[in-house]
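Letters are used for the chains, namely A, B, C, D, E and F, taken in the order the chains are written, and counting of residues starts over at 1 for each.
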Amino acid sequence: MRLLVINPNTTRAMTAKIATAARRVARPGTEIIATQPDIGPESIQGFLDVARSQQGLLEVARRHPDVDAVVVACFDDTGVDALRCVFDGPVIGIGEAGFHAATMIATRFAVVTTLARSVPGLEDNLDRYGLARRCVGVRATDVPVLELETHPARAETRIASEIAAAISEDRADAIVLGCAGMADLNDRLARRFGLPVIDGVTCAVTLAEALVAAGLKTSPAGAYAGGTERERTVPCVAAP
Amino acid sequence: MRLLVINPNTTRAMTAKIATAARRVARPGTEIIATQPDIGPESIQGFLDVARSQQGLLEVARRHPDVDAVVVACFDDTGVDALRCVFDGPVIGIGEAGFHAATMIATRFAVVTTLARSVPGLEDNLDRYGLARRCVGVRATDVPVLELETHPARAETRIASEIAAAISEDRADAIVLGCAGMADLNDRLARRFGLPVIDGVTCAVTLAEALVAAGLKTSPAGAYAGGTERERTVPCVAAP
Amino acid sequence: MRLLVINPNTTRAMTAKIATAARRVARPGTEIIATQPDIGPESIQGFLDVARSQQGLLEVARRHPDVDAVVVACFDDTGVDALRCVFDGPVIGIGEAGFHAATMIATRFAVVTTLARSVPGLEDNLDRYGLARRCVGVRATDVPVLELETHPARAETRIASEIAAAISEDRADAIVLGCAGMADLNDRLARRFGLPVIDGVTCAVTLAEALVAAGLKTSPAGAYAGGTERERTVPCVAAP
Amino acid sequence: MRLLVINPNTTRAMTAKIATAARRVARPGTEIIATQPDIGPESIQGFLDVARSQQGLLEVARRHPDVDAVVVACFDDTGVDALRCVFDGPVIGIGEAGFHAATMIATRFAVVTTLARSVPGLEDNLDRYGLARRCVGVRATDVPVLELETHPARAETRIASEIAAAISEDRADAIVLGCAGMADLNDRLARRFGLPVIDGVTCAVTLAEALVAAGLKTSPAGAYAGGTERERTVPCVAAP
Amino acid sequence: MRLLVINPNTTRAMTAKIATAARRVARPGTEIIATQPDIGPESIQGFLDVARSQQGLLEVARRHPDVDAVVVACFDDTGVDALRCVFDGPVIGIGEAGFHAATMIATRFAVVTTLARSVPGLEDNLDRYGLARRCVGVRATDVPVLELETHPARAETRIASEIAAAISEDRADAIVLGCAGMADLNDRLARRFGLPVIDGVTCAVTLAEALVAAGLKTSPAGAYAGGTERERTVPCVAAP
Amino acid sequence: MRLLVINPNTTRAMTAKIATAARRVARPGTEIIATQPDIGPESIQGFLDVARSQQGLLEVARRHPDVDAVVVACFDDTGVDALRCVFDGPVIGIGEAGFHAATMIATRFAVVTTLARSVPGLEDNLDRYGLARRCVGVRATDVPVLELETHPARAETRIASEIAAAISEDRADAIVLGCAGMADLNDRLARRFGLPVIDGVTCAVTLAEALVAAGLKTSPAGAYAGGTERERTVPCVAAP
């Protein structure tokens, strides 16, 4: 199967890290097509960046019409609902993938993410997906997304500190790492804390494969019903 | 005060209708600046159109930096969260304005909107705002947004039919009209049904005036914290 | 327009403070009629005081049948539902006004109120309005209502201390002051903490003006349906 | 034990019916003191009547300081929170009693009550008690409270019709009768429909006995913390 | 009446303590039949023990077909739903009994239980019953069930410490003790902390008596509808 | 990987059907071990059958200690929480698998199951998993589980009828089939109705493979923390 993995920001180093994580867990027969938009924010931190990334994301989708499933590798699941109107195959965000995986192996999970200003958007998502009941808290590390690349050791220290607090204060029994840029940390942190530390990229890739294997596609009815052919293929046109 | 009223789709006839509704209720001292984007969808019906409208919406915001408050005249409150990161003054969507007004004059309201594919997005909003508890149902008329302009009589018949059902089946004691394009219908329908029929444009304009009069601005903390000056002024740039 | 602002307790000094706050923000054409009952509790702190205030509140309503809108200037929105059965125009409590305003300018607000015994009633209201989802917590200062008049400096210190805790511990990005007697503190506290500090009286007055300007009245259907003429005009009669 | 059963309206025929239902199930050693206020509404139907009944209710409480427990025999649990601030022993409303009993013998109950304008208040209560999850719906019969006395056959037909609908449409497996004036109907309707039909008066009396037998009193902490002695004994005084 | 009180674990010393608590509050005419299974776990701590106890519990039920009501004396209400399919009379778990009682005498209760691994199951129950809204938190003491018998003083110290925290940190105004093995502690702790400390065994016994006195039985419709006679009488048979 | 697929009832024909569905979608390298208990109910319909199946389920678990993941092929996810305390690898119920899959490809799903008495248990699960928000309703067909084998045509007619109603009345945009015995119907019904019709067995198998591929195991902390070695290996012992 062909699996399109979109990093919705323009930072190519993050695309590379995401591709590595994806390929590590993908089935032998899965081709990972990892890419990012040409325009838009360098990282997605909060509501403004989400809005600024939509145009580039739709253009990426237009360049890759022929895939079996799509993973959106941004933890706030930027554009997932819109892409479900465009693609026939399953479209999964790494945020929801991490949340769903967590609820199948633990009773109460915590999320450890980057900046405080991203937290309300993640809490909105948890409510929309219905999974807020299972989440004991979304914790910000105050580490900007790009510092995960530039200052990895300091970032890991801050992340570990919030994981420790989620376990002792909130009784979390699993942790979901709240940024695609943390996709290389989960194994080490899981060993350190002795409980599941979940990376959304890994989960989204394997869940996408699972849905395809189960023969499932996005519903053509309801909210994801596509519009006219023109709407699907010309994401954003100049007004007459 | 200067009040920017943005129609987030590119249909100028709708902007004109929205401007009329806004000016009908605005205070004498309020200047209504009604506009729409140059690019983007002709109407906003569902998740894909929301994504396609973001770029144009941010460009409109950039053209009008100097206003006291902003109204987003699309019932799914497209881009409201992002615009709150950009403007200092209050930013209000006509959806939330209608919902808030309804809860202050009735115990249970119904929403009557256009296409079924827009319903889940409105239900998401109601949940995010916390107001779902007060809403007895979101009903689709299957009237596309643009038919409100091209076939007004047929549209009004369909809308009235769903209002009647909301009253008899769901015990609604107020109705919120779920599209900016219905802003000329509420008075007539209220008289016909003998209970409040609420137009979001009207409410958003007067609520924006109210917040400004009360001296309130969008919180600079939390989710609406702006980023760098560059993020605020250059909504979407080509990647290096 | 004529706006009746009812202080539901019998302390005239609070009525004066409330009237000052109301007149500071009201439109030029709005006549503020500020009053209080002749009988009932001196302040409203908890469920027993709410019950004790109903009789006086209904008598105030009977004395002022001819107004365009009503503000109930007690933060637990005492009697608002009953008054909506009596008046045709909008009736708004300062608690709900503060909550609604907060949700339009911030993602998560905290309430800072007087005594702990008032907190469950406020939490009930937040749930009834549906806005509990947006409230990160209701904090008591243990300052009785009347001490806001008699020991203002000490009261402000306690209020500021709880605001600081709401920001640091609960990530509040706006504060709603939970008592009409705090209506002179919000501007100073907003400057001090750098985020919106919302006074309910101010918001209720401007929101009432907004609803009237938008042409809205309380729904005559559903829960606010009045009974017989006698019920409306003779609030409480001796049994035969 | 001495059990005060308050009918919060002024209709003595209803007090008599309530007393009969209470005495039918009370323990041998329980003295039932059934009474009603001298002033207030003749029946309690909606928010305005609730407000109008508070003064009389508090005066009844003052006349009977020396009881072990209190039942408030109005289905909207009028004044229960206030009375808990006044009495040391348990205070139980017949609405909550019926709801609690239903959840211990069935998975999903329906409420069948009198007028539609009482429904939102009951739904508020269900939410406040937390029991809304277990209630499949509150149905109005459009039978005014006093017609239960004056036209009993017609009333019973309407009630039976709504019970049938609750079973077939909402899958209710128990019914709670939503008015003290229906306290003589439950046994006959239970036999007719073959599932529990619950009368709140009966349940409130036996639950009050149960709490007393278990040695429980209302919490003196939190929301029910009494104020000064004066607040407890002088429910409503003229202002200075 | 004959009241079957089942301790669902195999520890006879706990059965004796439960029987003592039950007899202390039961009506004179109530015969308490206290028993426990022959097989199953020695204490019930978490999901695995719950599963391991089902077989023994069903066999106890088969030995005592002729009772008026049943109390399941394990705080996670083990097997209550299944037993409601078997017995005609009311079946009440001590967990739900404590929760219901608490909500009638306090606004917000806390639960203090044994091991952390039991907490998610209790939280599930609170959600299922709908009563989570009224619970400010479930706190684990890390005292295993059987240590309540073997090290009572140390256990009581830990329990008191968590009660103190629930009051100061979570504003609890009543405490529910979360284990049948704590049934001898509630009176002493209530005096110490000056608010209700509720034992589930005592409440379940008096609530069961109350439901029987009110003439209520488990609904024969819906989820508790029994199957064939064979299902009721032969809980678990070898497959053909 | 070795995947244990447990049919928790004793009907071998259902085990065979489940095994077929599982093998149809499993990866080439996955060994499906399909089995059922020796004792317990012939089908699981409601709370009593769930209790009766626990002993047999734990014995099956003891016979197969050496697997990488477990699927419980009963739609009410019988015993999943208990098995998570026993196995190290992921344990997934077919109910939760169907629900999670549905939320990733649709906005609102409906469940179509067998008997009405199973519905409350499924609704409890949806609440516990947090996914109730996304489910528009659980519909019973009144087809007993075993009639899916004995009267397949009649059963399919009834299922199709409820699917049609869920689409037209509840606006479902995906259907989850609520019984392992329906695992051969989903493809045909999906083609007939033009939207996803989801079989839980298929989803549980591919999701289990996904979690294993992502390197995830059940959390050893919190509710699934195992007890002593004895508890894990001796599911149910005679009491001393």
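For the reader, a short list of remarks on this structure follows.
The rule is simple: a residue touches a chain if its C-beta (ideal position, glycine included) is under 8 Å from a C-beta of that chain, and two chains touch if they have at least 3 such contacts.
Keep in mind that this is a model prediction, so the values were computed, not measured.
Both subunit D and subunit E are touched by C, F. The greatest centre-to-centre distance from subunit C, using averaged C-alpha positions, is reached by F.
Comparing the residue numbers each copy contributes, subunit E and subunit F share more than half of them at their mutual interface. In this entry, C-D is the pair from C-D, D-E or A-E that repeats the interface of A-B, since more than half of their contact pairs coincide by residue number. Averaging Cα atoms per chain gives one point for each, and the point farthest from that of subunit E is the centre of B. Our note on geometry: subunit D versus subunit F, Cα centroid distance of 43 Å, whole angstroms.
Distance between chain centres (mean CA atoms), subunit B to subunit C: 27 Å. With touch defined as above, residues shared between interfaces to two or more other chains in subunit E number as follows: 84, 107-108, 116, 119-120, 127-128, 133, 171, 222-224.
Every pair of chains that touch is listed here: A-B, A-C, A-E, A-F, B-C, B-D, B-F, C-D, C-E, D-E, D-F, E-F. Listed in rising order, the residues of subunit B touching subunit C in the complex are 25, 27, 84, 90, 92, 96, 100-101, 103-108, 127-134, 167, 171-174, 187, 194-196, 198-199, 202-203, 205-207, 209-211, 213-224.
Looking at the complex, you find that subunit C touches subunit D at residues 10, 36-42, 45-52, 54-58, 79, 81-82, 84-86, 116-121, 124, 127-128, 222-227, 231-232, 235-240. Against subunit C, the residues of subunit E that register as touching in their complex are 107-108, 133, 171. Within the complex formed with subunit B, the subunit D residues making contact are 116, 119-120, 127.
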